[in-house]
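A short write-up of the structure that comes next.
Chain naming follows the written order as A, B, C and D, and within any one chain the residues start at number 1.
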């Protein structure tokens, strides 16, 4: 299904080279001031053509809101929106109509639906994530009023990764470089690597770290909808994501419980923990400490090289290098990670209001 | 909510030291033969007291089915079931009534609900996973008829991990050792490590790898409910899980697209891929290759040592070592991972039938 | 699916002659005192054998709660429950194994599922409504704390119907007669009619009216989930129901808008209406006035006469009169109508809390 | 929530005087030919200004599809659509900004959300039903391929009602008169009555009957989601609807079971029934006979007379007659009833495919 969320819900539609991308945001709390500039700015953060290390495609990605807002405030009615497509080089993709690109969704879509809009990847294009950024921007407007702060950044590109803990960086400076990494020196190295990869007509993966601060205690449903399960499911739903870990994550498996347990202490008059290996979530419920998690992105499949593959008939064909692509999706994926996190947190904030009369 | 799944749905109930654990399985296809011995055997695989490296608690975990089966076959009606609790040492937990155990759900439950059943962790106890194993066993009965095979095994305990790829092991031999690892030598090392950790009153984490073979092509909803997002969300909902990765996972981020793309080839008259870095899923939809993923489990929080923590009033207290616990959850978590995977795959198999008339 | 509700959810299981009837109540607000006597009394109101005008079957319908309650209060965890079946004369139904009873679900279940538990109607038996009464009783416990009051009564049996408006009866006296009608004289006539019908081995239908008083303003989702649409869907889900109307209902269609509009007035310092043809709901949202609606029940299909019908092979057979049945379901359906109304109102009360931060 | 359906799902957005009305249709089966003329024609059937007995507002209600269709066929991707608003006399409604119209949603929306778009009723306007007609038209395209036929017609206006059973009319002639009634003589009387009512600045209610023919056996979930409960909930979600009954309905309550039971017989080599008091549904599941039901519409609240009411401050005000309105909604509601029925039937057709592997 193309709906995400339980109370705060995004239903998304649209293909890369169709009329446009859009959706319906349902469950937006009433009476929230809609700051259009903020929302557009969030879209601009994921927009192609924003820097030298992303695809040069030029798109304005201007969102039009069609409902649910009156005199600048949300009314509680569903918010319909659309971003019309522009600057499509559909002809770039004619060669894909009958051909399955390796590690793309071409083959699986064709098998599942028996028909597919091949232009620019159609529904499987990462262009769909614009809709998530719109919903995420609205969620952020609500979370701002709750003083909940979500920040994501690029913590690894290829084999270049941050050595220090997020607490040791000034997260307010993430936007100061085009790769969105809070460590200037590492950022420069990452950018150089992406340039090198692009020059080779290749792509590279990486890791985005996300931190949620000033969390209320008590968000998350403790069994199947643990807060980290919801966050993980949301992140794994983003194109090119191959892994998710929170708190101690995969590294923590080699330690002892006695080393990893977070001792409770009194801090500023509230219950806090000395360490935060739990990543701000215990038993699936937020405990008020920082939530932090890491998301692994594969090197995207679209490379600018001739590729041998199969066509619909099963015959071998050579796919000529064509089109415009991202050598590394991470810089543009940072706002998408934040957006999905914002949707999950707001959804659970609202759900949590139903636990008591 | 305590319901998992869209078409094949498990609704679970129960606390560690209440009357029992149980649930309702809705959406079970009609006309499936219910093999009770197989189901009970699945429960026995997660049962406490099954070996020297798990908690010595003795529980029969005998499941009683209350509905939905007639003359040995599923009727399409919901299947209610209950496993009554036995052998509870509730008094072991009296000291926890007013105290928050570190890295447990005690504090967050109390804050969220204002009340909690503290006995044995109440609803947050891993004992709830019995219900998932029952639903998973039923799902496996259906998947068997579809020849879909799911196998999980322990691939890492602490710093002892398998060096070879799953294809190089005989997965039919996983049950031959108590740690459920297909590599005899590594298994022996893992068992020794768990013994050592238990003797120290401590705990240790690890990784479970799961492989799904003979998958049909086309399962998974391509946007929010990508097949790997559903599997990831399901795994992250299991107690003590801190991370999930599939296919190339976190390691893959440092490679180039040209190294990671899975070239399509003809194999046995069907479209296959030369490599399987995609982990059997492309664009969120199964492509017929093996699905494989890794799940990280933290060292469980319950250790047999005196612990300094806080009580409800916020005062510091020393928690005396007490009760019986698992030094390492992985051996018992293997069937739980398989169960949740089976539920997700069956759910999407059924959902996929609705894509065409 | 066998789940009803969005936030306050009942998942039901069980067949008439299986092990038992039960379910899981999810989303019960935490900290509510569970009054077991009240709950059992609600079940007793629908229990067979309670009077001379209902089926003489003797069943205790004793509910056992299995989870979600600690020291007498709801914990916010799911509440599992079961009512074990007793006193089943399954052999009464042997003749039905291969035969389709007219206007029963025998034929449609067989066609839909390819298999059916024929004993006592299996899943299609009204016995399943016990689960709804348990969930409804829990909902009523919450609504009591909110001072919301739900009362249903028999307003018509066959052609004997109340002539006066519900406001002209003392609804606290409904339980004073076995047909659950607030008009003593009409009640006597209804009882006589039911006796006559039963003596003839026949059945008769009727209408139940339900009134919800002291409603908060603002419950109901205005488009698809209008409060009356939810109530109507809930009532139509009750066995033997053929129709639902609220407020002016079917009679109102012949009047003019000028005659039917409810003029707003100030009453006791709040906005009220002079008339209440809207039935307490405007635009799908409660306006604080009384909600009232009527539910039509058909004469149940089980009659004590020989019936000509078809068997599985399509051959004509005579079905011999057998078993014990209700000549009129209305007296026992009154608590079921109240229960489903309570579930809907509580569900929307909780949902409404999510409309604002 | 603003989503309707389980597998075939409509998510709707839009206000009467906002940018437009639209939605997302999810779960449309893949490979269905999209006949745009048919869809537009369905919208034209509900369009204002179509005849002398409906509101004279002129709107083209031209639907634009934004996604999910490729080369004229559905792709299985969500279908986004929008109908931009035109010809809005928002100023007609300035007097309503601070005033609550009797029997409208003005008061309840304001209380529920604390803010409302008052122009033309905003979200509560029947204009939202355009979105339902678009989804219904797509559902009808699928049902056509399944040979399932849905027809609704006006069977009563005020006190003028059809005396004969639907089987005695030629339902293919419904569109031949502007009130959409298959009985020419009664149609003329109904039209005259509506003219008279409109001349008086008043409104009148009525009843729409809907018939579903050539139904497959087995659709409907037997407990909470009985096919008639789904149809009833869908109809009660339509603006101005006050009641729903199917099969024998309210009239049937006064008969005996022996008179109402539908005897099974062999007809054209399949199991059929001699009578059809069940209305084509038994135990909540379709039995292959015609489904028929009746929907009661109140006289709409908007009348062209000065009205005494209250404003936001609670002060009494006189509301001057203004704007353009429908004296009777039935002619335009006929396609809406068909649309919602089509959505329900297709949704359950698809759901039913999941009952077996």
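The rule we apply is simple: contacts are C-beta pairs under 8 Å (C-beta built on N, C-alpha and C of every residue); 3 or more make two chains touch, one makes a residue touch a chain.
Labels paired with UniProt names: A, B, C, D = Chorismate synthase.
Computed from a prediction, not measured in an experiment: that's the story for all the values here.
Between A-B and B-C, more C-beta contact pairs are found at A-B.
Taking the mean of C-alpha positions as each chain's centre, the chain lying farthest from the centre of chain B (Chorismate synthase) is D. To fit its Cα atoms onto chain D (Chorismate synthase), chain A (Chorismate synthase) must turn through 180 degrees, a value rounded to the nearest 5.
Rounded to a whole number, the gap between the C-alpha centres of chain B (Chorismate synthase) and chain C (Chorismate synthase) is 39 angstrom.
Distance between chain A (Chorismate synthase) and chain C (Chorismate synthase), defined via averaged C-alpha coordinates, is recorded as 46 Å.
As a whole-number value, the distance joining the C-alpha centres of chain A (Chorismate synthase) and chain B (Chorismate synthase) reads 26 Å. Under the contact definition stated at the top, the residues of chain A (Chorismate synthase) that touch 2 or more other chains are 1-3, 12, 27, 30-31, 76, 112-114, 123, 355-356.
Per the touch definition, chain D (Chorismate synthase) reaches chain B (Chorismate synthase) in the complex via residues 7, 27, 29-32, 76, 142, 145-146, 349-351, 353-357. Within the complex formed with chain A (Chorismate synthase), the chain B (Chorismate synthase) residues making contact are 1-4, 6, 12, 100, 102-105, 107-109, 111-114, 123-124, 128, 156, 158-159, 197, 200, 202-207, 217-218, 220-226, 228-230, 232-234, 236-237, 242-250, 252-266, 271, 273, 277-279, 282-287, 296-303, 305, 307-310, 314, 352, 355-356. Per the touch definition, chain D (Chorismate synthase) reaches chain A (Chorismate synthase) in the complex via residues 1-3, 9, 11-15, 18-24, 26-27, 30-31, 64-68, 70, 73, 75-80, 82, 112-117, 122-123.
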